[in-house]
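You will see two complexes here that share chain A, one where it goes with chain B and one where it goes with chain C.
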Partner chain A sequence: MANKRSMNMKLLNARLTSKLSIVLFGLVLVFSAEAQSGPSRGGGGDPMGGIDLPPGFLEQNKDYKFPDDITKYTATDFLMLVRRTDIRSSFYNSDMSATISMVTVSPDRGTKTFKQQIFRRDKDDAFLMITLEPESRKGQGMLRVDNNMWRYDPTSRKFTHTTIKDTYENSTVTNNDFRRWQRSIDYSVEKISSGTLGNYNVIIGELKANNDEVPFPYIKMYIEADRKIVLKVEEYSLSMKLLRTAYYTQYVQIGDSFVPTVQIFQDGLIPEKRSQTTYTNISTKPLPDYYFTKEYLERVSQ
Partner chain B sequence: MRLIHLKLAARNVRRQPHRTIALGGAVAFSALVMALILGFVNGMDLAIQNNVTLYSGGHVLVSGYTASQSGRLQNRFTDDTVVKIVESTKADILTVSPIAQSRATVVFGTREIQLMLRGVDWSRDQLYHESLILTEGDWKGLEDSRTMLMSGQTAERFGLAAGDRVIVRLSTASGQQNVTDYKVAAIYDDRAAGGMNTAFVAFGDLAADLNMKSNEQQQIAVFLNNSAAAEEAAQAIAAGLSAQGFAVSRGSASNDGALGAATPQDASIIPDAFQATGGTQGGANRRLAPGTAVYRISTVQELAGEIGAALGSIRWIGYAVFALMLLGSATGISNSYHMVLLERTKEIGMLRCIGYKKKDIFSSFVWEGILLAGGAALVGIVLALPIGFGIGLIPFDPHGDFGAALVQGHLRFAPTLGQFLLILVFVTTVAIAAVFVPARRAADVVPVEALRKTA
Partner chain C sequence: MKTRTMRCFGPIVMIGFSLWCVVGLWAQTSGTSTGTTAPTNTTTFTSTIPPEVIDEDSLFGGSKDIVTVIDESTASAGTVQLVEDTKTYPVFLLSGTAGAGLYGNYTPVGSSSSDTQALYGAVNLSGLRIDYLPTKNLHFSISGDLLTVPDDIIAASVTTFADLRHSELVRLYVASSFDYDPSIGLSTYSLDELFVDTHIDEKVFFRLGKQRIRWGVGYWYQPSDVLSLSAIDPDDPTAARDGPFAFKVDVPMNLNHLMVYMVPPVSGSAASSSIASKYDWIVNGWELSFGGYGRADMLARPRAIFSFTGAIGTFDVYGENVLLYGSDRIYVKESSTSPGTYETYRRETTPFFQSTLGIKYSAGYSSGLSYSFHAQGYYNGTGYADSSIMQNPSAIAVIKADYPDTYKDSASAAGAGMWYLAGSASVSGRFGEGRDLTQVTGSMYGMSNFSDRSLRFNPTLKVAIGDQGGRTTVTLSCLTAIGNMGSEYAPKGNRTTPALSFSALNDAIELEVSVPISLNTDFSVNKVQTAFSVFWNAVQFD
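Right, the complex of A and B next:
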């Protein structure tokens, strides 16, 4: 009798084990299929761990009521205006790709031209940039993902770590210029005034970095009040010497975004040294997640 | 050994001067080449170590890194205990001085150049005062605030002279951009410093430019009485710091010390224990809890490692050339002694008839080989001395690929007695091996048979 009960128990255990195995096998199949289905299509994927935006960064600014008179702007108004320009120059609801033409002029190195293809995912603060021209630099790439920034050289097939603070090809352009704007996160307003810049009425704000890891400790922004776009930014050193002036001379509206398509960067110490970047073929089509990986950069650079 | 063997061997060596000169010349040339290679490689090794000491500022470097609020490592630390521990280490320390450094862009007019800017406490410095040759200005001028000691190379490129002012653009310890200016107080001969183009300023001035607090430091440079003791001193310092609970890692990174300031993202400086527990993200972006300090200790030998690796190749090429030459000489010696055996068969028979034993004949042959090769090697080594020192007078480009291996733009010939003895032993051993077979055959000659054949 006892033997029979024991046999029954063993049978029950075996059945349970087999059922559990089937369930586990099913789960394994489901996860394997998921894993092999490739990355989710652009924009809709989970954030890739970039710099998180402050809570309410996008929402709070949406319905913010700015003063009609530019002389009545307060520091808070101006910071919200900076935030508006940050949001509008970036693509938080889609990915972005474009071709960048760059001309750099330097008294030492003469004039050089470059052409790059850029892929940006602003919500993750990620971008991939591949050099198309000149031939000698073709295939060189730069990848920013997960707060890391890498430079890839197809000749040596090596990745080297770089930072957003580094200059691009010894020009007046920094790696930070290819990234989304986030001045309203990095800076706080010290002083505001109003004035004109060419034919435009502008609000001038003097901003100070919130922490000591921002490359430029002080900046001065000239924002056109009507269109709420940045026209000029002066960047100062810790000793308050002018290091660089950025001019955003042309904008293109794409959906809700205002993209500065022509950007001129003039060195503050050597005024003859300047660069111009021009964005063309701007697209907001979704990009696959694997675009923002070292493997893809390595593959596409060959 | 009997004296008669040596006398016989010496007489035989002198008997055919042409052959002796031909054979000995080949051996002497091998020894000469090897002596030159070893002497120059040795000299370059020493020159690299001396120049790297100049580049890095000391024989042992203790670099401190502190995690910022965002967890990124910044090259600065505040703990005075570290300096005290280093100073109290039982090593043959000459000076312990703070060093600050930054890769900076120096601007003069519309021209700019990127170079390493090093802050030195001039009041405690011995290294640079003793090593650098000033071509313009003087050391006294460098005691003034915001003055710079610039390399001749940079000054020439800019058309600068002592008294000119330059603008310096650099990143602070936290990575912010800063611009300051300096007056060029003196210019040093970079050819005398391995082509180094580092610019030097007062430690306090650079620390201020780097936005460091008065109690903050980047590196401690330890200058020893004997650079060869650097590894021992580094181990003692590492042990002392570890015992006090400091997180210490050893070794140099490619972008540290002499070769540039470590970037805050350089994960290799984080000790293993921290890598296992403190990291919040992988790869180069490893973060530590704000305020956490880690230290890295490197020696001049480690810093010289990369440049020194090239010397290793030269040394091995030298060994290969030496081996080939020895092989050629050994073949020549062996063939010649086979000829000698044929020529002296009658003589050997006679010697055997008057009482010479087999081992006497064997010994005289071997001693002849030893005398010939050993004497030739000695001549080669002696000749290497004037040639080596003569080559040392030829000026080379100190800014070229091997600039760091030069002393004041010249190759240094620094052979050691040990190396000479080694060459002598090698050559003699090879000569014995080469003579061995003909000597055995000579010893085996049957006297009667020899006399009959040559009668």
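Right, the complex of A and C next:
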């Protein structure tokens, strides 16, 4: 009798699980259909809820009239200049992808080389970075979309949250350096002056952070006046200790956007330690929407 | 997985070491090289290595303009190669360290005849790894660690993988590992992963085969990780865990996505198959996950899952909640009719609840000061309110006898408790500058099973001098377990292990000393052992 009841129970359970399987398969099909009728590929995909730019951020700057004489710049002019460099560092009308090599020279740790593939969709504040080299870290990656950010470890197949303030691979480079710039949002102007840097006339602005999300509370920017591109940034601690100096020594211009393709970083605390990031294989070809998903990060990793 | 007694290991090691040497020489004559391919547009640029001396006049004073204009249509049609960056295949890479030195152990208090008192010359191969990429889409890798003394292997492990891609999203992947445990003289071979990835029109993705699966957002406890086959290592919670053979269907919808796992029968019976599904929903910076699991023969009970992760103010918060219809556990209790004996029972029709909640906070300042803390509590409704019964060998023997095929998770103290708490904290400061830059970090993690009153914690103090401790790093730690013999976090009873590790000259010199001390129940010293090693890592492949 007990055996018969047990058999019946097992049969009932098997039927329940079978029905559950059918329901779940149905859900897969429904969601598959939804996915296939989703947004079109590439830069034309629906926004994924990107960062909210301040009202008029793009429009106000478009027709802003900058002084012809660099000695006449006011704090407002300089902040608009920084905003112009922010906007020009971005690709609001297209996607962007590139390969970045980063070489770090340390007096204690020697020379280390890393290579990354990055994908950007700035209008959604979407950013994906995948390690290509060294081979031992190939496939590790980071995905950021709006306020959601994940780091992926292919060994344990685990995604974890991280912060944008993280230092990248113990170098003088931070994760922030790979993103579009937004210094005009994060900082306010304290003091301005003018000078020269090599062959270029520059406007020099000292800025203070207006939030604690940025890694450096104070920065000093050197911006080339004619084409309005950043050449040098000094980054300071709260006690005004120089922590890092960044040099942007090569740019490419694609449309209205400027990409600093050679960036040299010198550590302020260990002056012999320096890094260089070099961009290559740049493209503004539209990227598929699925690139900015955890699934893609998992698939292209080891 | 298959285990067998370790035999004739010496020749294998010798052959393996010879292969390392041969391939190492080969690697030095091979490697990546650059080409001159320029798909659409090539611009000659400077070196990718930072200059030795940064001279601003040199950086910005050249005759060439620092801005290169690229036509929009060119950039949107393909890639623009700015520096020579063409990898040529095949590629051989060798990394890791090889060193020689001394290894020994000594038992000053409470030694027995089975305790060795020895000092050996030893060879240590650490993180040695060979990568071979015959083409862009094929990658073979083997890595291993080996500590050997003249007439014995102290420790050995090897992991391998092959990543064979037909295209970016279609591939065959296989990974396996080998470990040698000298304490029991066994070698273990394990097939870690073997799966095929494919997709339909880049909309629906499939992973078919044995694979690691990591559900859940918890750190020390993950009740919603129903598919992993091994328990979380309390001292290394992020370590890879064994996964099942499964068919995974994944449908991403921007950041949201739906996953369905179908686990085919694990025994001869079709009823041993199971299915699990989860939907991740991203909303306002929160990731909410809804899932379910069922197995046809009900050996593992059906359950509904809800987990979340996000931030409240500056605190990261996560949680997992699982509602089960019945418990997977085979319970044991002392017989009411025959005291001193034990009997098993199941609870298959009662609803159970498991819930965990975690909170994290970290802050860092440009002054170099940083601190963090992390706490996670766990209520396991399927556990014993008093899980000390799992310390009784007779009780465990009854479970194994009554359910010889299915006792696996029920005959262990791991996860048998009802109330848990774990946490970690750290504070770090930076001092000095230049090559004297010093980073001092104090940290501790700990975990407790209140149901069997066992506790494990590990305070650590680390002093790193130079860039990332490249000149010198000193670490002091003291892993301590308190509890009865057989308890979850103190399986060997009360025990503390002070340890010191020292490295210098970019890890060329490494010294480690540990002193495991076994304590009696009244915390008097029962036995003191020491293990020590010092190595000169003369060969560093990087």
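In this section, the second predicted complex is superposed on the first by the 265 of 302 C-alpha atoms of A that agree within 3 Å, B and C clash if a C-alpha of one lies under 4 Å from a C-alpha of the other, contacts with A are read in each partner's own complex, and residues count from 1 in each chain.
Heads up, the rule we're going with is that a contact is a pair of C-beta atoms (placed from the backbone, for glycine too) under 8 Å apart; a residue touches a chain by one contact, two chains touch by 3 or more.
Values in this document were obtained by computation on a predicted structure and should not be read as measured data.
*Asks:* With the two complexes overlaid on their shared chain, look at chain A and say whether chain B and chain C clash or fit.
*Replies:* clash
*Asks:* Tell me which partner A:71 touches in the superposition: chain B (first), chain C (second), both or neither.
*Replies:* In the superposition, A:71 touches no partner, neither chain B nor chain C.
*Asks:* Of the two partner chains, chain B (first) and chain C (second), which one does A:108 touch, if any: first, second, both, or neither?
*Replies:* both
*Asks:* Touch check for A:211: first (chain B), second (chain C), both, or neither?
*Replies:* first
*Asks:* Counting residues of chain A in contact, which comes out ahead: chain B or chain C?
*Replies:* The partner with more contacted residues on chain A is C.
*Asks:* One more residue to check, A:247. First (chain B), second (chain C), both or neither?
*Replies:* A:247 contacts chain C only, not chain B.
*Asks:* Which holds for A:147: it touches chain B only (first), chain C only (second), both, or neither?
*Replies:* Both: A:147 reaches chain B and chain C.
*Asks:* Just to be sure I read the superposition right, which of the two partners does A:276 touch: chain B = first, chain C = second, or both, or neither?
*Replies:* second
*Asks:* Counting only touches as set out at the top, which of chain B and chain C does A:238 meet: first, second, both, neither?
*Replies:* Touch status of A:238: both partners.
*Asks:* Looking only at the overlay on chain A, choose which of 2-10, 272-280, 308-316 or 398-406 in chain C hits chain B.
*Replies:* 308-316
*Asks:* With the touch criterion stated at the top, can you tell me which chain A residues are shared between the chain B interface and the chain C interface?
*Replies:* Shared contact residues on chain A (touching chain B in one complex, chain C in the other): 107-108, 146-148, 161, 163, 165, 215-217, 237-239, 241, 243, 269-270, 272-273.
*Asks:* Residues of chain A touching chain B in their complex?
*Replies:* 107-108, 146-148, 161, 163, 165, 209, 211-217, 235, 237-239, 241, 243, 269-270, 272-273
*Asks:* Inside the complex, what are the residues of chain B that reach chain A?
*Replies:* Contact set of chain B toward chain A: 68-70, 72, 107, 110-112, 167, 169, 171-172, 174-180, 211, 263, 265-266, 281, 283-285.
*Asks:* Any idea which chain A residues touch chain C in the complex?
*Replies:* On the chain A side, the touching residues are 10, 13-14, 16-18, 20-21, 24-25, 27-28, 31-32, 34-36, 38-39, 46, 48, 94, 97, 99, 101, 103-112, 134-136, 138, 145-148, 153, 155-161, 163, 165, 170, 197-200, 215-217, 227, 229, 231-232, 236-239, 241, 243, 245, 247, 249-255, 258, 261-262, 264-266, 269-276, 278-286, 288-290, 292-296, 299-300, 302.
*Asks:* Considering the complex alone, what residue numbers of chain C touch chain A?
*Replies:* On the chain C side, the touching residues are 43, 45-46, 48-51, 54, 56-62, 66-70, 72, 75-83, 85, 93, 95, 129, 131, 133, 139, 141, 143, 161, 163, 168-169, 173, 197, 200-205, 211-214, 238-241, 243, 249-255, 257-258, 260, 262, 271, 274-275, 277, 282, 285, 287, 292, 294-298, 302, 309, 316, 362, 364-367, 430, 433-435, 437, 466-471, 506, 542.
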